[in-house]
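Shared between the two complexes below is chain A, which pairs with chain B and chain C, respectively.
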Partner chain A sequence: MQKLGDFKLPAFFNYPPYFTLQPVRDTREKQVQLWRELILDYCRTQKVFVIALEEEFPLFSNPVIERSLNNEARETFLSALVSEGRAEWLDKGHRKCLILWHRIQDWADLILSFVKDNGLEDNVMTVEEIRSGIESRGTELHGMDRTILMRALKLLEHKGKLAIFKGTSADDEGVKFSV
Partner chain B sequence: MRRRPGIGGLQTAAAARDQYRLLGENVAKLRTDLMKEQLATFRSQLEDFARKHKNDIRKNPTFRSQFHEMCAKVGVDPLASNKGFWAELLGIGDFYYELGVQIVEICLATRPHNGGLINLLELCNLLRRQRKSDREAVSEDDCLRAISKLKVLGSGFEVISVGKKKLVRSVPTELNKDHNQILELAQAQGFVTVDEVERRLSWTSGRAIDALDILLEEGLAMIDDGHRDGKRRYWFPCVSSISSSIGADS
Partner chain C sequence: MGSNNFFPAVSVTSSGRPVLLPNEVECNLLSKVDIEPNENDAISFTPLKSGHLILTTHRLLFLSSEKSVAIPLSAITHIFSSKRSLKSVFHSPRIRFQVSVTGDNRILDSDPVRVTNTHSVVITVIVRDKGDWELFLAKLWESWRGRAWETTSESVSGTGSSSVSGSGYGGLYGSDGSVRMVGVAGILRKEQEMWESTDKSLQDAFQDLNALMNKAKEMVMLAEKMRQKLLSGSGSQTNSTNEEEMGSKEEMQDWLLSVGIVSPVTKESAGALYHQQLSRQLADFVKIPLERSGGMINLIDVYCLFNRARGTALISPDDLLQACSLWEKFDVPVMLRKFDSGVRVIQNKSHSDEEVFARIKALVTKPETLQTGISASDAAMTLGIAPAMAKEHLLTAESKGLLCRDISPDGFRFYINLFPEITLDNLFLMKDYSIYSSWVKAASASGLR
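Up next, the complex of A and B:
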């Protein structure tokens, strides 16, 4: 079994035709499904939040069989993720894609349980602290993408679970929990 | 016999005919009795044999296949009925029905990938993996037997020979001679190109492309435009399983 770091690659990754978009509908559906699962799985285990279509990405080429996905194939597979709510395009040109291996709602739930676990119910934290502070170390929140974090926080704010406010420094924002 | 005239002559001739017929019937009856006796002896011996080697038949695939062969030669099918004597004695009916169900499951599960055509060897391996408890106990012969029993269901399960390999078909696709020849050609590397098909089979390009298009439509082939020579390759998952294709291309 071929590996990427500690990530086990599925068998189809070594079968050359999976790197060419298949013209027949049924075959292509199966192909897209396999790739969709692989991309999501890889991003979840390797904590990848953004995939840029035209940049190097370990899954987009397999040097062992000398195959790589062309841009059309990359966009097709990522679009499949977007259509089921597991990813979002960051730009109109579809060049950058945000991967949501947890949906925004799930991220919001993770934040809530993090708050409860650490007794932060009425506390104030900065957004950066949630991402990289001591409290979040060892949780899934640690090192998470800022865009996704802000989206999850806004969702919680909408539900009245917290308030977002401008912090003292211009580039950071604060969060007041009221769970 | 000299032909004698008159009614007496006719009567004598009729009596002689009756005598001959009686004698003939006696001889025939004797033969049938002897035959019946032999068959009974044979049957009891076969039963004795089966009883004695019950465990071998169950556990040892080679022995099992030889036993089947022997039964087939004398016109006995131990799998004909699950309620019959053989099944009760050996329990092999259930064994093959179980295999049959597992084979159907595997064929369905791999169909999206291989289009409903799977290499018998790969099927056996998957079957063994699924039956972890007795990994060695299933032979190719057992698979073939179980598949032949599936035919009764009319579900289109069939074993076809392509070149040296046996493929199990679980979709009602009819493969014609052209398709078979392409599959046979593909066994060498797992893929073919249009050029190769034209050259090796001396076909026109239209014939090659038509046949390949149908194989694509049926989900039996996948295209690969990624090789550096720029020639489109047609891969056939049924002749080269994904796992065994590693390194085939490099």
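Up next, the complex of A and C:
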């Protein structure tokens, strides 16, 4: 089985047409679905949050069969993710893509259960603490992308589960839970 | 008492063109023609209604949907000149001629010397259409007087003139024994001679054209003869010839096979029905090239082959296209097809894409091609067709979901379409005995991992 680091690659990764954007509709739909699954799978296990089109992304080329996706194909597959709510373009030029293997809502639910599990109701934490503090170690929240975290926190604030406020230091914000 | 066997029958090709005799050439054509016996004669045959009348160098061919018959020009004993009267202005034009008929009421079709008990019957051709019947009549006279049916292949040669002029003849008598004129009479005579010789050379010039046509016929005959020789020769002495000779022989055969529409349909001979007749002739012609190119042939190739076979009287691409598009109206075994890419081809009606797809599938599922895919030229070699044609087939197969493409620096290749076999729920799942699993086996066998 071919591997990328500790990520197991499926057999069709060595199938050359997998790396050429197929023009026939049915075939292309299946191809796009396969790429979506593979990208999400890879990002989840490897904790990849952002894919930049211009930068080298391990999935997008296969040195074994000497094939790689061209820019059009990359953008097509990422756009398919975006249209399904599993990714978001970070810029208008579609050069950087935020991958949401959990949707924002799912991330918010994860934060809530994290707060409950650790008895942090009515406590105050900084955003940075949630990402890299001792409490979140071992959970999916640990090391998560700040942009996604802020989006999830804002969603919760909107629902009245917490309040975000400016902290003492300029570069960090505080969160007061009120679950 | 109408006899069915009065006229000899004419065999017709599947596309409705008459089968001509060796060296027979079409000269003119009239449409919407009736043929009737003379009112005064005892009724000798049932009248023939609304058909085409084709004039060739040998025969008059009457073709209608019910019946196709011939009147050999050799049987015609007299052609009546058309009467110009007030009546004829209102009447449909008529062409009348007299033919010899044997005792058992058949038109005379063989050597008249051996058949004695003959009588004459007058046949009237009524021209219902506004064709140029006067030209037809003129051509009929020409063909009848030409007596092409008497010209056998042997008699073509040996017509060189044997005039040897004895020069150095002085005195009062010329070389041919005529009295040389002197004085004013001599000058006049010289003028006359000069005028005559100019006239003669002019006539010669026009005769040269006819001679050229005769020579062309000879060339076709020669080509035919050589082809026969090659065909008979290739069977007996293949052992002694080396590869190179065989190659050139085959090439030669190819050339010669493509020579030889003896009687091409021309605008002059077919008139208003030009495209219709051309269409039928083309349908007959493409059968052999179609067979050799696997049931489908590029329109451009057909154009070249057809014009090469015609030799002279070439047709334009537009004429070809029109002739092809007329096939829809006739019952011919071939059809014009346009691919999505715009490429136009001629193919047999019986030609099925399924068969081609089956062969392509067999090709791409071989263990070695599973791994490497195929290019258009690979497919062309296996299917025995032109690469451009093969590519059309591959693209059609792709659009049907049979194949998918791989574009890389190595080129444009096609693979068997594995996408439908891969399950989304489990990217690592592989059904046994699927093409996907045999592809994986082939991939691992070639040492990819």
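By our rule, the second predicted complex is superposed on the first by the 179 of 179 C-alpha atoms of A that agree within 3 Å, B and C clash if a C-alpha of one lies under 4 Å from a C-alpha of the other, contacts with A are read in each partner's own complex, and residues count from 1 in each chain.
Keep in mind that, in the parts below, a contact is a pair of C-beta atoms (placed from the backbone, for glycine too) under 8 Å apart; a residue touches a chain by one contact, two chains touch by 3 or more.
Quick caveat, the model's predicted, so the values are computed rather than measured.
With both complexes brought onto chain A, simultaneous placement of chain B and chain C is prevented by a clash. Looking at the shared chain after the overlay, A:Ile65 reaches both chain B and chain C.
In the superposed pair of complexes, A:Phe12 makes contact with chain B and with chain C alike.
Shared-chain residue A:Val48: touches no atom of chain B or chain C. Taking chain A as the reference chain, the count of touched residues is higher for C when chain B and chain C are set side by side.
After overlaying the two complexes on the shared chain, residue contacts for A:Glu37 are found with chain C alone; chain B is out of touch. Legend: residue contacts after superposition of the two complexes on their common chain; A:Val24 is shown touching both chain B and chain C.
The residues of chain A shared by its contacts with chain B and with chain C are 2, 11-12, 14-17, 19-20, 22-24, 26-27, 30-31, 64-67. Across the complex, chain A meets chain C through its residues 1-2, 8, 10-12, 14-17, 19-20, 22-24, 26-27, 30-31, 33-34, 37-38, 41, 64-67. Taken in their complex, chain A has these residues touching chain B: 2, 11-12, 14-20, 22-24, 26-27, 30-31, 64-68. On chain C, the positions that touch chain A within their shared complex are 373, 398-399, 401, 404-409, 413, 415, 417-420, 422, 424, 427-428, 430, 436, 439-440, 443, 448-449. Of all residues in chain B, only 112-113, 115, 191, 216-217, 219, 222-228, 233, 235, 237, 242-243, 245-246, 249-250 touch chain A in the complex they form.
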